[in-house]
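Okay, got some structures for you below.
Here chain A shows up in two complexes: once beside chain B, once beside chain C.
After this line comes the complex of A and B, so read on.
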């Protein structure tokens, strides 16, 4: 699968925007992403290991509901895009 | 400057099918018009010149009239106004008040009280929420640092059952008269953002006034935290403070600009009345077509902004707003701020040197409007978020473009 990061998270991944993994589920893909970029973990996940509410995930253009299971099976050509919309006060 | 009150309001009432909004505007004028005329408008220019905050006594008087409870739940003595109704009240306050900081502070204090109430903590309700509804307490958001949210330096360290907090929040709106600060700091153990309710009297809390261009009577301060020791019971959110802050800001975004909608309407009326009474070459300026065209353009700005913001508020009232980053709400805030700046700039162009005088409030409104270029979600950040969402949704199913 392909995982694409938003601009706000690039600095946690050495400014690499796109990653490709042979993982078969969203969860294992994200695990691989964070194993390769450990600094991403606290930015992307909360303490319980769930995607923080400030991030939205799209799979092939379809938005994943917040709190959805990441056990979803994905293939080699599936594209996971992360959108982060964070504003200041 | 004097203007016949409510020129556009009467006009709009005759065109608008939404009698409920008109009723709310009339009720706002009846209940709070005297307060604004007596305690806000006469000293607006002086407060702006000196950079002094609207006194808490005025907010207490607003609380006594029920203003700060209108949008709170009926179950705790509030008026249960939904976002549409609350927006209509704020819009009319913006129209009446020559000091945009007043509407800003009213919406801020209520938003903080609402957020604390959502914690479900009855002790917080008694200590903070109910006094805030009465105007006896005032809450502020202590979030912004000179860094992005993933790089906040302010930190909380556990010490037994307490936390010790050290850091700096460099821009706290309403801080000068606030006594409760919804404060976002990093957990030293987990790096997660925690949210504490800090109090002005806590040892180690220091507030310093910050000189700003606009909203000069909104009491902007920096908040310095020098080993502030607080019990764990003052934790408002024990995890995901980042999401907590985004929910607060998102819910507030469309309501925040409602005051601007009213102020834009007042500026248009003032400007038209002033031009109508100015004679050049034997004719009132309003008989010149370029003047008519510009006033028409300003009217379009006002009504387009109202329509957009009301649309977002109706969505919120139906409970259909995305809690963290709602595209429609964010776009409405962005649009209204740009139109407000454009509208007052057009007034300045039409009025020439007179518009630039301090005694007229156009330049003050321009500085206030510009405060929301960065406030409650910087315009450019909102554009990035919106654009990113558009791309994800519109690129759906399309083939990747190969590099040529």
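After this line comes the complex of A and C, so read on.
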């Protein structure tokens, strides 16, 4: 799958916008992303390990409902886009 | 603020500079009235704010040689229990009001002080309690409708031309969270307008007013952020109206569904 980061998070991923993984579920894809970019973890996840409210996930352009299972199966050509709603700078 | 040459165009004080000074005035107001700095507001109160609306009105002509010092008076008030802030800045020179900036500001709760990701949330009670009584409006004040009315009126008019200009959000256009800054809106829309001004369509030479005449006002609505390195499309429509020249700009995402991130209306006086 392809995972795309928003500009707000690029500084936690060495300014790489797009990542490609062979993972088969959303969860394992996100795990791979954070294993490759450890600084992303606290920026993207809250203390309970859930995606912070300020970030939204889109899969192939469709917004993933908050609370949806991340065990969802994804294929090699699926695109996960992380969008930051707003930042407080 | 002493005048310097970088503050002015040949015809007036630059709008970007007025917005930049608005930000400085805001920071100073917070420090003097609420005894809080922007950094401590974020780090201690997990609070910040984003600008959702801009009204900049030039009241009197003012050129570089007309005065030496710019003065600004700042007022901040809260409404809807601190879920909206109104920042008003009156600029004057030589004892004359020369411009007024009104910013509609949305307080946000900062979830994480490293990434500064945030969500809209009313100002913390601890900070709201530091406002003077006359700085807090209990009633629901009327939303500024000027921009929407202006856009509605323009729908009846036929634009003289339309132009699309790609742009990239570079880091110098962003604030500390790598999110675009409202200060940069006048500069972001400028390429679309200037290209039309310098090469207007046949029989629309009046459109050159967009560089030759005084900007009278800017209204802007910011709907969603851009972040550093994002790309977008600036859609500019130019209108020649009986008493003014109007440029309407939409800043849209270049990706996905081309969401509209902001709308800006610039109005110029007509040459005498």
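Going forward, the second predicted complex is superposed on the first by the 87 of 89 C-alpha atoms of A that agree within 3 Å, B and C clash if a C-alpha of one lies under 4 Å from a C-alpha of the other, contacts with A are read in each partner's own complex, and residues count from 1 in each chain.
By definition in this document, contacts are C-beta pairs under 8 Å (C-beta built on N, C-alpha and C of every residue); 3 or more make two chains touch, one makes a residue touch a chain.
Small disclaimer: the values here were computed from a predicted structure and weren't measured.
Contacts of A:85 after superposition on the shared chain: both chain B and chain C are touched. By the touch criterion stated above, A:47 is placed in contact with chain B alone, chain C being left untouched. After overlaying the two complexes on the shared chain, residue contacts for A:17 are found with chain C alone; chain B is out of touch.
In the superposition on chain A, contact of A:6 is made with both chain B and chain C. Contacts of A:61 after superposition: both chain B and chain C are touched.
Contacts of A:36 after superposition on the shared chain: neither chain B nor chain C is touched. Residue overlap on chain A between its contacts with chain B in one complex and with chain C in the other: 6-8, 12, 42-43, 46, 52-54, 61, 81, 85-89. Interface of chain C with chain A (complex): residues 42, 47-50, 108-112, 114-120, 169, 174-179, 224-230, 256-257.
For chain B in complex with chain A, the touching residues are 141, 143-144, 148-150, 171, 173, 190-192, 239-240, 242-243, 245-247, 249, 323-325, 330, 374-378, 381-382, 384-385, 388-389, 392-393, 395-397.
Per the touch definition, chain A reaches chain B in the complex via residues 6-8, 12, 42-43, 46-48, 52-54, 56, 58, 60-63, 66, 81, 83, 85-89. Within the complex, the chain A residues that touch chain C are 6-12, 15, 17, 42-44, 46, 52-55, 61, 81, 84-89.
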